[in-house]
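Structures follow.
Each of the two complexes below includes subunit A, the first together with subunit B, the second together with subunit C.
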Partner chain A sequence: MKILNLIKKYGTLIGFFGIIIFFTINLPSTFLTAKNFINISQQISMLAVVAFTMTVVMVMNDFDLSVGSMASLAGIVAAVLFSMGYPIWIGILAALFVGIIGGLFNGFLVSIIGILPFVATLGTLTMFSGFAFLISGGRTIFGRDIPSEFSSFARSGIEISSLGLKIPFLSILALLILFIVWFILEQTTYGRRLYAIGGNTEASFLAGIKVKQLRLSAFALTGVGAAIAGLMYSSRVASSNPTQGSGLMLEAIAAVFLGMTMSEEGEPRVLYTLLGVLILGVLDNGLTQMNVDSYIREVLVGFIVILAVAFSSITKKRN
Partner chain B sequence: MQKLELLNLTKSFSSFKALSNVSIEFLSGETHALMGENGAGKTTLIKVLAGILKPDQMTMKIDNKIQNIYSSIQSKNLGFNFIHQELNIISYLSVAENMFLNHPYPKKYKTIIDWNKIYKLSSNALKELGVTHIDVKKKCAKLSTGDQMLVKIASCLIKTDTNPTLYVFDEPTAALTLQESEKLFKVINNLKKRGAIILYVSHRMNEILQISDKVTVLRDGIKVLTDKTSKLSKEKIIRSMVGKDLSDNFPERTGNINKNIVIDVNNVHTKNIRNINFKIKAGEVLGIAGLSNSGQREIFNMLMGVDSMTKGKISFMDQKYEPIGPSDAWKKLISFVPRERRKEALMLKMSVKSNTTTPHYSKISKFFFLANKKEENLITNNYSKKVQLKYENINQPIYQLSGGNQQKVVFSRALASNPKLLLLDEPTRGVDVGAKLDIYNLIIQLTKNGCGIVLNSSDLSEIMGMCDKILILKDHEQYKILENFKINSQDVLANFYESKNQ
Partner chain C sequence: MKSCIKFISFTLLFLSMFVSKAWAEKVTVITPYLAQPGTQMYVEGFKNEASKKGWDLNIIDTKGDVAEVISRIEDAVNQKVDGIVINVDPSQIAAGLEVAAAANIPVVGMDSGADPLLVTNVTSNGYAMAAETSVYVANRIEGKGNVVMFVFDAFPPVQIRGVIADAVFGNFPDINVMDRITPDVQDGGIADSRAKMEALLAANPEAGSIAAVWAAWDQPAIGAMQAIEAAGRSNEGIVIVGIDANPQARDAISQGGNFEASIAQDFVGIGSATANAIGRAMSGEEIKSKVIYVPTVLITSANVGN
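Here is the complex of A and B:
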């Protein structure tokens, strides 16, 4: 009985260590090294930022399908401004602004108009993607238009000379966003209220929580997160294309769901979202190193996400 | 079917006896009214007949032959039909389609739906009830509630092999206009002439006297009266519904009512209620009473600012109060205990602490935005003690507590701001006897501290036992305010049933 409870509570975590052990055995010389893990942290930094800010809306039982195309749109907006000769800070500010406006628009549709988040953000997903193609003329904006100061950000980091390692700025930025989201959700009255809305929307309204305003603002936060991820991506590949963010949405939602299997009452917690992101990142990294075909990789990752969520919902039902 | 007998019907829920040893006889061609206060056992009896609840003990005889009901399908096969306030009408389907929901569609060549036959059969069924004004091809969304009810009744007549034998009407007129009700009564009369048995449940005394042949009254799960309607009067029925004097078993009021007026509501209207006028002094308890759905919920919606005022004015603590929403109401020290605990008050998966502090985050915070964990813990511990909450620790999720203790959390949340006005909508619903008494004592404690209280309860004894004044609502309008010490519960109940023009 006790063992069953432990598995129920830490099942996903145990699975995570299982995966690490599996890769360590199969990739003895390359997997369990500091260099590889720093590499992973950079690979997952964009996904992490989107997943952390996705957690903010998922705390209220909402979700945002438009984050991927928002990431594309924000990257394109910045790149187009760069190619027109504007300074870097204007490009970045404009991209973040687009993120806020897009997020507020999502929030407006969901909270003020009252459209289901699924439908509303499915609509804006298509809209944002369309805007990205429209602004870029459908083409990728390449290196010579992107200022080198902008793209060098993703390639540099803090050197730790004693270990001969470099911690990438992208990973540090993701950690910073993690801290900010954690602070908002766990340490402020704002976060308390978001969790109350997720616990029972009607009850929290009658208990004096301004549900509409809070939902609106939470979607704006998620929009900004997506825009930041878009900028990070553009910096990393030193170019922008209108489909660059398309894979982010599904993986971000999957990461939050993986995290939810670990929390006490199945509610999203941003630190558990981090674990969800790590699981996805480690799987991707390890399977790639083992030369597993990318299509098979997708099947496996999808299967593992379903397995974790199914396991936790079955054990919770028994409870 | 000539005769339906229920013998020695008993049903209990854990220790609570909802029905004990009830025997009733229903005859063909008769409208039999079932009456009783809330909680008297009417709904339980209907659910037993529908096969939804399994009785602890019952013998049912149809024409002197013993029959059993184990499921709702069996109940339907016996020819029992149930018409509720909430009609299971699918509004985007036509009248005819709705009537055929429970019957196989007739087909041509065994494949294509025979629409002509469907339309013909459904309009015939309506005609049999004397209803000719409903077009069976119309979408149900376009019909009035009354007409939808007629459609539902007629759909019971579609089946040709067995004639329906029992029709149970559960407060059918609650949502109908006067004209629609009259139409319904005609239809009921037609059913009666066809030899059906009608079991009619309603709170509307005039209706009962007008259309029923016999009346049975239940009180606390016991049958106290069955007689021909012609031999009964309104007063006699009410007396047997109430029985004993109700204001026993309540803790004594010891506090003094202060002269200061907490809230003065002056001729207020919203889109849902009209003519609301009352004053509450510090330490005073105003009871809200009336038949169910007469505007009780809407008074709270008005005071919390969920429904906005369209007319009138309110002053609260000697200042103009224009309710704009729950957030503003809590800030002004108006606390609210909503009616449906699980739906409207609690976050079930969240902790005792979260549930207690939710409305008070702004006050508890540091620098207006930082959560103050120390203060949250302190307040939760203090007020949980004050309401005598039984719990393990403040981080325990609330679904692990009993109903009574959950309600105490809702109370400790309401008290945590030291409210000036406390709004209680059915505060003891679904709460065990011990917790009930604790809640009554809390209310008295609050009045001593000068808090004004609005208490709505469908349990008349609670109103009689706890309130200083009683506001009686009728059809979403204020009917009267009575001083409690001058009257007894029978007078109050009689007020519910008086019609306005009497």
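Here is the complex of A and C:
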């Protein structure tokens, strides 16, 4: 009975370790190495940032479908400014500003106008994508237009010479964002109020919580997260493309859902979101190394997400 | 006794399979564009050649995600493959190419663009293809009239085609590029090109107001042709040309309508030439040429049946 409870509570975590053991057995010399795990941490860093900040709105039972387009737009804004000769810090600040404005606009549509988040952010998804195409003229901005100092950020890291390893700056940045989101959600009144809104919006309102303002600000945080991810992506590929972030949104939502299976109340928790991101990243890395067809990989990842969420849903219903 | 012989022969067979697999050279092909018909044909050509060479081949589609190409290169390097083939602009994946270079794993581009970190890039001559089709248009309309261009500057191999066509049309004082359209390619490029062309036809209803359509690849040319047919303006003599000569374009050209010409890249040939190039690189040979061109052919109604 205790074992059954353990599986119910930690099923996703056990599944994650099961995946690690499976790949370790099948890829004995290349999977369970520090170098590979550092690689994975770098590969998932952009998805992680989007997923962590997506958790902020999902805490309130909201969604932001525009994060991928915002990541593309922010990258394009920075790259266009670079190509016009502006310094790197101006490009970065402008991209972050676009993220805040875009996020606030989403929040305005959802909390002030009262449009369903799904519909509002579906609309802004198209708008942001259109702006990215408009500003870039549909072009990929690359080569001399992207300053080498900007692109070298994604290729650099902190060297640990004694171990012969390098911790990439992208991974460190993702960890920093994780800490900030964890602190905001778990350690502040602001975060607890967001959870309260997710629990019962009306009761929160009646209890004096400024629901509209909080929802507005939460969407702004998600917008900034998407913009940071867009900048990370542009740095990693030393270029900006108006469609570069389009794959991030669905995976970020999947990661939050996977994480939610760990929570007893079924609430999003950012540390559990990290687990969701890790599962997706490890699956991608391990299945690639095992030469599994990329389309089969896609089916497997989708299946695992459904399996985890279904298992969690069934066990919670029984409880 | 019989069962004993059977057992030994099965064991030997199994062992030989295992050993050949273990000794086979590992090659990873990574592309974000496997959904494109052209890329599928490159990969087909590559696979055929790879199976002759007995390679252990892994083909990865990152579905449009360029950053994932870098991730998959890192995975392949970790996996200690013998060679990597990419089908994406190398300047965008320098981070991955540097990891492969540090591990001394050769990387060859399959219609990707040249880069110092690539051993070589196997491709068609995009400049020559665009020049041939745009000059065909200029000659057919006798150097005058309005031309609609369909371009896609986000993808460098297609972007250079547009640059050359701009130069050719710009050199004819009586040719006016009335619109330079970038269609939405998420639906494959036909539907949105058709919609854009329908709008242009509606805005220019006089016969002869559009002399030609030049498309940087076939799908927009097909969309434009469908729009012209649907508008009942097929008999105005609007000349349409594309690039790639895919089966749908060849079919249209064979019917002798507005779609007059396209240029055939030897996609399968690029795939097999890429396999030969990576094979040579894996054997330690130094490939001096940074670009290997595979010949192309202008397809018109005169030779479409060949």
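By our rule, the second predicted complex is superposed on the first by the 319 of 319 C-alpha atoms of A that agree within 3 Å, B and C clash if a C-alpha of one lies under 4 Å from a C-alpha of the other, contacts with A are read in each partner's own complex, and residues count from 1 in each chain.
Throughout what follows, contacts are C-beta pairs under 8 Å (C-beta built on N, C-alpha and C of every residue); 3 or more make two chains touch, one makes a residue touch a chain.
It should be emphasised that the depicted structure is a prediction, and the values quoted were computed from it without experimental measurement.
After aligning the two structures on subunit A, examine subunit B and subunit C and state clash or fit.
Aligned through their shared chain, the two binders fit side by side on subunit A.
Just checking: does A:K166 make contact with subunit B only, subunit C only, both, or neither of them? Give me first, second, both or neither.
A:K166 contacts neither subunit B nor subunit C.
Identify the partner contact of A:G247: answer first if only subunit B is touched, second if only subunit C is, both if each is, neither if none is.
So A:G247 only meets subunit C here.
With both complexes overlaid on chain A, does A:T189 touch subunit B (first), subunit C (second), both or neither?
Only subunit B is touched by A:T189; subunit C is not.
Decide which partner touches more residues of subunit A, taking subunit B and subunit C as the two options.
C
At the CA centre of subunit A, how far apart in angle are the CA centres of subunit B and subunit C, to the nearest 10 degrees?
Between the subunit B and subunit C centres, as viewed from subunit A, the angle is 130 degrees.
Counting only touches as set out at the top, which of subunit B and subunit C does A:K8 meet: first, second, both, neither?
neither
Minimum CA distance, subunit B versus subunit C, superposed model, integer angstrom?
Nearest C-alpha atoms of the two chains are 35 Å apart.
Quick check on my understanding: which residues of subunit A belong to both its subunit B contact set and its subunit C contact set?
On subunit A, the subunit B and subunit C contacts do not overlap at all.
Which bits of subunit B are touching subunit A when the two form their complex?
It is residues 304, 306, 325-331, 336, 338, 343-350, 354, 357-359, 361-362, 364-365, 368-371, 397, 413 of subunit B that touch subunit A.
In the complex of these two chains, what residues of subunit C are touching subunit A?
34, 56, 58-68, 70-72, 74-76, 78-80, 89, 91-95, 98, 152-156, 159, 182
Using the touch rule from the top, collect the residues of subunit A that touch subunit B in their complex.
Residues in contact with subunit B: 187-193, 195-196, 199-200, 202-210, 264-267.
Using the touch definition up top, name the residues of subunit A that touch subunit C in the complex.
27, 30, 33, 35-36, 39, 42-43, 46, 133, 136-140, 142-143, 151, 154-155, 233, 236-239, 241-244, 246-247, 284-285, 288-289, 291, 293-295
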